[in-house]
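Shown next, in structure tokens, is the structure this report addresses.
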Amino acid sequence: MPMETVFSVKPFLAVLVSLIAIPCIISSRSQNIRESWTFAAAFIKFALVLSMLPLVLNGGVVEYTVCQIFPNLGIAFRVDAFGMLFALVASSLWIITSIYSIGYMRHLDEHSQTRYFCFFAVALSATIGVAFSANLLTMYLFYEMLSLATYPLVTHHQDKEARSSGRKYLLYILGGSIGFALPAMLITYHFTGTLDFTGHGVMAGHVTSGTALVLTLMFLFGFAKVGIMPMHSWLPAAMVAPTPVSALLHAVAVVKVGAFSVVRVFTGIVGIDLLAEFNIGTVVCVIASFTIIVASLIAMSQDGLKRRLAFSTIAQLSYIILGVGLVTASGMTGGMLHIAMHAFGKITLFFCAGAIFCATGIKNISQMKGIGKRMPITMTAFFIGSLSVIGLPPCGGFISKWYLVLGTLEAGSIPLLVVLLTSSFLNAVYFLPIVYNAFFCSAEDSLFEPERKEPPLYCVVPLVITSICSVILFFFPQPFLNLAKMAATTFLGG
Amino acid sequence: MKILGKLTILLCGVLLLVFTMEFPDWGDPDSPASTHLSPYFIQHTMEDTAVPNIVTSVLADYRGYDTLFETTVILTAGLACFLLLRIERKKVHHRYYRHEPTGVTLRMEGDKFPRNSAVFQRMDANWVPYDFVISRTCRLIIPFIQIFALYVVAHGHHSPGGGFQGGVLMGASVILFAISHSLRAAIKSFSEKTAALLSVTGVFIYAGTGALCLIFGEVFLNYSALAPLFGSDRVMARSHGILMVEIGVAVAVTAVMIWIYYNLSSAGKQDEGL
Amino acid sequence: MTRHLPALIIVIPLLAALFTAGSGWINSKAPFRIAVAALFFSFVCAVLMLIQVVTTGIAMEYRMAGWAGPMGIVYVIDHLSAIVLVVITAVSTLNLVAQKKNIDAEFNDKEGAFNALYVLFTAGLIGMTATGDAFNLYVLLEIVSLSGYALIGLGSRRAPLATLNYLFLGTIGATFYLLGVGYLYIATGTLNMAELATIIPQNMESGVILFAFIICLTGLFVKMAMFPVHGWLPEAYSQATSVSTGLIAPLTTKVTVYIMIRICMTVFTPEYTFGHLDISGFIVLLAIVTIVFGSLSALAQTNVKRMLSYIIIAEVGYMVGGFFLGNRLGISGAILHIINDAAMTLALFLAAGIFIWKTGGESRSDLKGLFAKMPFTMAGFVLAGLSVVGVPPTCGFFSKWYLISGGIQAGNTLFVAALIFSSLVNAVLFFRLFEIAYFEPFADADSHGSNHGSHTHGGALAIKEAPLDMLIPFLIASITLIVLGLYSGTIVTNIIQFAIPTGVI
Amino acid sequence: MRDSDMESIFALVLAKANYVVYIILMMVGLYAMIVKNNLIKKIVGMSIFQTAIILFYVSIGCKRGATIPILVHHASPEAAAHGAEKIAAHAMEAVDVAHYINPLPHVLMLTAIVVGVATLGVALALAIKVYNTYGTVEEDEINQQLRSG
């Protein structure tokens, strides 16, 4: 299909729409008006992203340059298959999370909700900005904007614990990005003269194998949001945030931005053939698999439900990195597809965690015996979500795992296959007991009133929608699958 | 810390000494400084500005812009001392008087105070005995100092002198009066307000002539533009321009010297000086 | 009319200063208005000159008193001086307008003298930037220093002593510069910068010119508070009133760096500074020490203004180090950083002024709960903080980008490491402040009980924003940080690019 | 050989006497400013330091056998009456440059003296303020008071 590029301001509008909504959110008098503004912004953003989908699906690219700052480098947007995949996931889930956060915030009567919704909107526009960025500079700009916009969200409760976890959050993310990502970006710009995400990478021929490896690792650890092992401990600490924040940001937006930027850099800057030639890919795979195994093991030992989900997110993210590191077509497709599949699965789990906390105030898994009887809908959604994350057939997660396994076979590396399978098994080990306790164990201590007490409607509806989505994605994965396949072919120099 | 200071000074001194070896000898006529720019001034000053004293012509005309900002430096110093030291004088409710014949000193409270008479004489807190000889001789000398100061200003064209030197002499005469008599007497005759306003007008005269040249269409500070004003040819206009500027400088320097003395000697209270 | 712009930009403020000083004795309303009008006029002149220089591409030359070249004093407005002039006039006008309330509070009866000194300070800076004569630069340097001493001297109880130390070091610096000009005069016989630039390359070997370079540079390093001789800056800036620091902090060190660039590039041509002399390696090392020292000692401060002063010292290290890398990227980074750093420092000190005006205290702990109390001011302060840290889209990031890529191109990894280290330390510094302002409740007498953390229900603390006439200029200053950032590309391509002589690779 | 060395060094020093003197003066001034801890002594050191530079500049300007830079014109009484054209005519005779020392350093030093006076004034003003607040001008006593808070 011809690679025709369309120049339109849509990507820039998609980024700006939630920023424009902020003054209205601040100035709205009543809560309902404020919520309606958030919804309007969410719908417009989703519509804008959808409007570009058909063009991208048949191979087109939408470009828009805001301003030229350095020679042949400026703030510019370029919507291609991979960017569209991630933007679609982020904007669609924002609508659902807005519903959820209204229910959650009002139910718990959280303070300064206006500030919450404003920074939520800024975070989303930064996420879409990263998805649509055409070069590493724009992506770095929106990456930093995202880390700063999420800081007030993570530390929403403004108490001692929030303060220390906020400090850790910034230490890893801001420290990583200024300490590693910024110099790496500048060194690349020095060697190659351009930072645009071309299909096959800019580093080829400009850089020796040693510097390429060092730069790749600096990027991998620089974008600390991807949570690779040494730079991961901000994620469990960030669980102190209210659950909608953990749901959208730490299951979908923030961590996926990290994964997205690392994949973007690997494919767009370092280039797949360079990854293969200097076998940097294998080094990346080793690091990723180490993270997968260790994170899954730690997740098993965690009693707090949200902390366990956090460690499982760290493990799942490394799947994406593993997928790219395999440098094979289906491995790449699997990795990129996993962004979408894991998003829907994990957000359901976080919604359920939030719902349980809303309804009963329980945070730890040990207290969740027999909760299934009292909150059947939430726990069934939890079951479906965990199936998707584990990667079992009726849910979407299975497809991305399937491609990942195919990728390892294509790459012919058996140890990575073993890693994938053991980690899936480990996922099952730390998810299924929760489901088992919830449904089949009886609630022995009578402190729970036996009568059915579902969380507020606003919380239940979103988690039902997302669990249904993850099942639908199993049967009709088309939009995301095609996007992932197209992206993989372009990146592999197709 | 002190040894470090001494060390740096020693090092600095030795370094400077080593480098003097490459300097031209003292006073040799063909050193770059004497062969490059100065010959032009020496040869052309008569035909350009009709002022025999080359220093005054270079000072006020060739590098007149420098001197404008030099006078502004003086004004800045005056303003700085005023800003730093001047304290609003609180209403003082007591005065000291000295009964002449008996030598008894009195401290009088309240608001009404006797007029200064032959018997009772007003005095400062740290009273300096009134010395007839000094005050009379100073009263005699001051007018001559002032006349000589005016001469120095006026004759800047033909003999060493000019605005700064004349201004300082004039200022010194008033300061002499303040020291010999008392600061209050000096302030009564030459108040702080006049000193402040005069220093501003002095610099204004200088900058004004410069701006006038602008208005007459020439470049800033190009006095030959004032030829129609003085009714003379362009070269003589420059000479008159220099004189106007020198007067401005003299006024400014006089006023600022006095202003700074008032503030420094009385630490801003302007009541009892040295 | 535009022919006389270079003269008007400095004569009008000078005349205005005279009227201000005079009218101070008559009524106390006039001085402030005359001062603001004069500064705004010179800002307009500066912008017009910048436009003219950029469009025509040739430098504007203005012969004072009608004498050409070496005989008289010549004012040269080229790309570099035009943009710096715009920065100077913009910063001084904005600061004066923003600090109206502070001026009334602190200088109520001496407003005439204060405003006059304020305008003279700016006029001195304008003259220093535009002058083409080495000795004239010394005279203007003295005007700037003297009015600076007066503005700083009137601060807190310890201000006179701090200013006296500043005066001693400032005089040593200025006199060293004068000595350097004297050495140049001995070796070449002229004082005009353009002519010096033709004579110096002919006799590069002479020791006199080498020593003139060293002495001039030491003098300027003392004036811009480089590492070994920086002692005066934190003391002087933290004791002065917020009006004076709002004016002096963003401008003096930056204009002194500009003069260093002017002297190293136009007087001692780049072939001499970078080619003949191998001194730039040592100076970059000195800059690295300044950066590391500035950042680390800023960490140890509890007083906000002292912390900002140490950050200024670190920023001076950025500029000097960037310039002496010797390559085109480093020099354009240094020049861009002059502009950005002036804007950043102005925003920071305006914010500090507002905090002191509202909370009365200068230490970090006085920032408690300000996010709830003054959201807009804190938003501006966060923007300025991020710009110092170097986060896009603020301008600090882009000048750091040039400096770091210049360092990489010159292969000076130590300089790059110092810049990264300093950015991280700045991040810690500013987020420590944001934490205090965000987490701790507003410790105010009338707030009902100390609701420490957990669920402070509802916006109990009514928003008490800064007075509007302080807030608007401050917000303008912080928004310019982003605008400067986004337009740094255009600034570099059509202004800074021409400011660097073609000889530099 | 030893005394010829001495002669050459002595001759060298004599030829460059003015630079040696100004350096000594400058070092004295610098020493006083840095090492002395009485503020007034530091101020006096500062003015010595500035006067040294003035001496240096003025010594650059002088030429052997030249007089002060004021053009000596044998203004006969009737010549003064003619005014302008006489001046123009007079300029025609060539002015011998070697007769006059070069005026530029003198002009510059007039400015430097004025700057020195201004700085001195401001320094004294500050010293008075320091004395009024701390009651002493000895720097170590002031530091003691500051430390004791």
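Lettered A, B, C and D in written order, each chain numbered from 1.
FYI, a residue touches a chain if its C-beta (ideal position, glycine included) is under 8 Å from a C-beta of that chain, and two chains touch if they have at least 3 such contacts.
Model, not experiment: these values are computed from the prediction.
Engineer: Return the chains common to the contact lists of chain A and chain C.
Structural biologist: none
Engineer: Hey, what chains does chain C share as contacts with chain D?
Structural biologist: In this structure, the chains that contact chain D and also chain C are B.
Engineer: Among all chains, which one's averaged Cα position is nearest the averaged Cα position of every protein chain shown?
Structural biologist: When every chain is reduced to its C-alpha mean, the one closest to the whole-protein mean is C.
Engineer: Report back the single chain whose CA centre is most distant from the CA centre of chain B.
Structural biologist: Taking each chain's C-alpha mean as its centre, the farthest from chain B is A.
Engineer: How many angstrom lie between the CA centroids of chain A and chain D, rounded to a whole number?
Structural biologist: Each chain reduced to its C-alpha mean, chain A and chain D end up 73 Å apart.
Engineer: Can you check how far apart chain B and chain D are, centre to centre, with Cα atoms defining each centre and the answer in Å?
Structural biologist: 18
Engineer: Need the CA-centroid distance for the pair chain A / chain B, whole Å please.
Structural biologist: Distance between chain centres: 75 Å.
Engineer: Rounded to a whole Å, what is the gap between the Cα centroids of chain B and chain C?
Structural biologist: So the centroids are 33 Å from each other.
Engineer: For chain D, give me the residues that contact two or more of the other chains.
Structural biologist: As it turns out, chain D has residues touching two or more other chains at 30, 60, 104-105, 111, 115, 118-119, 122, 125-126, 129.
Engineer: Give me the residue numbers in chain C that touch at least two other chains, ranges are fine.
Structural biologist: In chain C, the residues touching two or more other chains are 135, 139, 142, 146, 149-150, 153, 160, 185-186, 191.
Engineer: For each chain, which other chains does it touch, given as pairs?
Structural biologist: A-C, B-C, B-D, C-D
Engineer: Which part of chain B faces chain D closely enough to touch in the complex?
Structural biologist: Touch residues, chain B against chain D: 2, 5-6, 8-10, 12-13, 16-17, 20-21, 23, 25-29, 31, 33-34, 37-39, 41-43, 45-47, 50, 52-55, 58-59, 63, 66-67, 70, 73-74, 76-78, 80-81, 84-85, 158-160, 164, 232-233, 235-236, 260, 263-264, 267-268.
Engineer: Looking at the complex, which residues from chain C come into contact with chain D?
Structural biologist: By the definition above, chain C touches chain D via 135, 139, 142, 146, 149-150, 153, 157-158, 160-161, 163-164, 167-168, 171-172, 175, 178-179, 182, 185-186, 191.
Engineer: Show which residues of chain D lie in contact with chain B when the two form their complex.
Structural biologist: 12, 15-20, 23-24, 26-27, 30-31, 34-35, 59-66, 68-71, 73, 84, 87-88, 90-91, 94-95, 97-98, 100-107, 110-111, 113-115, 117-119, 121-122, 124-126, 128-129, 132
Engineer: Tell me, which parts of chain B touch chain C in their complex?
Structural biologist: 15, 19, 21-24, 31-38, 40-41, 61-66, 68-70, 72-73, 75-77, 79-80, 82-84, 86, 88, 193, 196-197, 200-201, 203-204, 207-208, 210-211, 214, 218-224
Engineer: Sort out for me which residues of chain D touch chain C in the complex.
Structural biologist: 30, 33, 39, 42, 46, 49-50, 53, 56-57, 60, 104-105, 108, 111-112, 115, 118-119, 122-123, 125-127, 129-130, 133-134, 142, 146
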